[in-house]
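Worksheet for the structure shown next.
The first chain written gets the first letter, and so on, giving A, B, C, D, E, F, G and H; residue counts start at 1 in each chain.
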């Protein structure tokens, strides 16, 4: 579904010259661009050349959308805590960029599981769920046990000590006994949002 | 889609008494059962009680299917080598048990990448692809780069030395730059097959 | 509270001669003995010398109780799955040996969280909870979020692939955001049961 | 025992806006607040809104106590070295916030074990001991061997080289053969202080 | 082949005094020098003493070439992405310094494998291939499967999360099933470029 | 150079039926076969079908050579100890199979470095050196410092404790400061022997 | 001091033919031999050829002592538990073989630290102390804090769960804050006993 | 030998107030002080109070020596490269502080092993050798194979990529097959210098 619609750029580590050139070229071809892991400095430099570029500092997405993609279906993006929002927003905005409707259900981690239960209704309406959590990372497995749609779990680097920069959450998610759960790299909101859209667009609406 | 159709049992580590009792109970309620990681010994004991049970020694699936689920859509299950078949068959048979048509594309690892290219046509017909590979585990990322459907990658414990029982393949898959790839636990063919079916059944056929 | 009541022996790796001699000596001094991680072979040899010794093959506890300790208070021992029972029973029997009443709440893992909720009433009556779980190990954190008594979490070596012999469950437990949770070594049911009793006996009944 | 008394906030990583809002809301509801891992900058911003907030730069605790909790029983907080104080104070102040009397026994690590022995009398009066240590982390096990009350061990990130940010101390504590020892995450003074209070409050005074 | 031609200096961590002295001494003996991992600051200080020194900020090579080595044969240096260039340039310039012709084939990673195929012709002309890649690191194995010359793979520290600073790419390369692949340390472009030249110079032209 | 000469089979984990079929097919096409990591049982079964198959229990190579490849150049295969021979022989026989002359220099580890020096003359005659070592694995780096030909280092799983099944030797080799050293997977004698031949055959004789 | 006295053989992994030949040759040259990590089977085969060989199944030492070395000074060998004896005896017998008097102080681990204190007098008479311990491994640091002679610590593979085959004990020892402590490989009693003798023999008696 | 002579302070992480107070107190009691891992800032503050304090920025030692200890015997301190000097100087100055003569033999790593051989004469005169090396860390084992005095190996954090902050060098040293080698923590020059002096002072001069 992607061809003809938009291109993805991994901004982190790219030089200003290189990045500016990429955005200018896509802009001239009327191609929408979703740039991930962009810094504010990169944004400011690209803006000098492509003035319709927009930047969201939380998700670090640097995007150009000449014409918005029509939205379909529904993806739910859930987080364990508020510190996970930077990853969740990367997922949510990626899904929206590629044409999914998104419902955000934030701060419903398992330490206070009643908050999760009060939102289950909403979550169950989605065709695919993205579960974002750091530290213990149990949200993914708990959600997969409660819904019968595919869950894409994203471990985040939030935590300290034995969270090991997201490894603890990653292992929790990989070892879940609940059915219908797959995992992407630590902090990879983009990957989860993209795949959620691939799944969402398969739907019979 | 699962309720009313079948139950899943994780046989590994369950005592004969416990397992036999589970199968008997489900059998009496006319419930289909998919048992994973079953040993031949477990099979022989369960068979004494539930004689329509069938066992596949490669995938180690111990199943009772009173009435076959009607099959829909298409899932592709691909492997890097022939040593990965035990995991691939677990995925394929799980997907079939829950109602997916499955195409098997085995031994198409990236060390001889032309074999993969000759099968691309077939793979692209599927709504969801399961990519099973051990050792370097590059198949998942290469496939995700070549198709635009969601790919579920399963690292296997096949290999030696620094394959670290599947960890090397797992890391490769988590770090893929290709879009539309998510990962399950090492050797978890069941998890991949189940989620592939969840996705496949969302489809507009 | 232990002195004057019973001695603990770590049987694993002790030679038959050495172990038999230990049991004989304690027996002659009328001391109760709790042996952990004993093999059936050790049991059979010790029995030749101390005939009132009893052996539980599930928990691998080899004990001599000349006079039962009077039981007080309540400890709850919960497990995620049935494969964790060998550890849970080590905890439960240790707690009983040292004088705690124990309620067993098994197979209430988070993949099917409704089973856990239906047992919460019982669990909340205890002064201290032991939470035993392998694989993703989320039970400890979920329980600590639901009760306001101290929870001692025991990761088990149950699982495969990235469960890494219990390391995944251990990390989940160490990283829980729920309050009132501490962790012991992988499979260390003894340590959890002992500490639970230390806590239980502090109580105002 | 917590409801009706105070709320806990994990300040690390929270934005100033978000944090300020949380503190204002709790203040308006007359709720005591214990904030952990707060930075001085966070303190200065919150203070602008809730002027009775206090900040301890060593423990990084940012608290509002409208009415002090009445203190009961006794918790001992011990450290191996002076570099561990930032964690020990987090534990001690958490325990005090929730209503425990606390005795501090600092710098009694096992490299100079006579200092520990000279303080044993004091430590044994407590209902629960918190043992805070980095590097080799042997303090937890040595203490548990010397007292018969529950010991909660907190590994710290103090050290260099193979201390691996607290992993060495954590492993030492998890592997102790002494009875009555459980462990929390690296640098998690809050968790230990909270659980120590849960245990302390169970006591018959 | 090296003696009589040039010396190698590992600049990282050397003090200005020490480094300046080394370059002055070699300069006075008319020895060519290849310095690796040099900072701009080191360059500026050395330049004050040896004015013909040149510095490439991308590869961080600080070199003195009084007389250029005659170039022979061909080495191909390939990368997966543009973020790997700093390592690739270290390899390429090292190979050139010691007398190899070099063809650069950049940004041909396996996520878009058609770009690699369009360059195969060029790559196959080389006597030895250097494959530089971070994240999943699959380029090395894919190349080794497509050419029959020795491939030296260099994992890079490019990536995030489970790339673990290059460990994921390293493991992928070590576990490749393709024949004719060996690996050097993470980011060690120098080592790969040097060995490629050793191999290239063995050739019958 | 391989095409038209011989095929490689990774025997480990292949079923008897599958393996026998592979050997029969190659035999009928007059193709030489080099099978690695074959068990004695596999040998005995294959022999029933292809009677000219030969098996070397030390290297576990199961080969069919209808017509010997003509040998050229020279490869040196060196080991640190005698326990490393199983890997060294895999390397040496692979190199011979594909047409290299091989000189074996065994048991010259760095703990008794004089033995190595007495053999340097011989080693320096080779076009490429394979250095096989377990435990500390220093042989690779020491050799690379003493010769100016490419060295392919093979860590072995020989050792105990912190040798971690070859990881210690692997790290030593990857971190060597000596020039002209690259590394293959733990115990991968095949990979080293194959690449050594690729290099050896590039030579001007 | 070793030359002219005895040779050391690492028996593990050596074939019967190879080992027998080594012992025969040394025997014919009247050289004493200390073989480590020998199996009973190796002993029985060597005995057929060199009948004065002796074997200790606990330490697995297979030795030939034609003429006993005169003993000097004193080395203390201490253990944490009785399960560590197999390593301690390897250390003690190695020290004796090379001419040290040895005092054994076993089962004085820190979980019951009074046992250690009652033996301090004896330990302090030694010129060098070997401290052998598994699981938490705190014995080394505690001893080094109590004596002013060099302590060589040997972690053992005794334990379960997070003892990780001796890694936990190793880290504890490497991170000790006590002065005068160095460490050898896991289970390496030989290395510790040898170095203790090197140190002991430096003494002024 | 230490009592009555000097005290050791671990400066890293100590607050200025705390550190200044320690130095003032020792100064008033005429006690020599060896402070390790001190920053320049700590030096400047302590100097305001104890003006005879001296600071060496390379080793980061902050010492007060009212009266120099008489020097005896000989310790050799060797390094693999010049980047290891900061650790070597910590070892050398510690040994001197406590009364050892020290010979420094720097930059004799195994990549250019002839430099080491040209210094062997000198090294063999010492009673104890300290071997300091980063990256591959082979120096310790090579030295232990060449001398018959005890060698204390210190891994350093020098290196990049898979040097893992000194872990690679540490493993190399722990796995050495050479006799008479023990290891201290990464970068722990102090520990090695202290133990070398303990050994040196045992000598018959």
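The definition used in the following text is that a residue touches a chain if its C-beta (ideal position, glycine included) is under 8 Å from a C-beta of that chain, and two chains touch if they have at least 3 such contacts.
Values in this document were obtained by computation on a predicted structure and should not be read as measured data.
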Original post:
Minimal path length between chain C and chain G through chains that touch?
Top reply: 1
Subject >> Third chains touching both chain F and chain C >> reply: B, G
Original post:
Based on the averaged CA atom positions, which chain is farthest from chain F?
Top reply: D
Subject >> Chain pair with more C-beta contacts, A-E versus E-F >> reply: E-F
Original post:
For chain C and chain H, what's the span in angstrom between their mean Cα positions?
Top reply: 47
Original post:
How many angstrom lie between the CA centroids of chain A and chain D, rounded to a whole number?
Top reply: 36
**OP:** Report, in whole Å, the distance between the mean C-alpha point of chain B and the mean C-alpha point of chain G.
**Re:** 50
**OP:** Give the residues of chain F that touch two or more other chains, as numbers and ranges in rising order.
**Re:** 10, 81, 161-163, 167, 170, 174-175, 177, 179, 185
Subject >> Inter-chain touch pairs (all) >> reply: A-B, A-C, A-D, A-E, B-C, B-E, B-F, C-D, C-G, D-G, D-H, E-F, E-H, F-G, F-H, G-H
**OP:** Report the residues of chain H in contact with chain F in the complex, numbered from low to high.
**Re:** 80-81, 109-113, 135-138, 141-142, 144-146, 159, 161-164, 167-169, 171-179
**OP:** Using the touch definition up top, name the residues of chain E that touch chain F in the complex.
**Re:** 1-3, 8, 10, 127, 148-150, 152, 170, 174-175, 177, 179-185, 191-192, 194-195, 198-199, 202-204
Original post:
Touching chain B in the complex: which residues of chain F?
Top reply: 10, 12-14, 18, 37, 155, 157, 165-167, 170, 185-188
Subject >> Residues of chain G that touch chain C when the two form their complex >> reply: 81-83, 158, 160-163
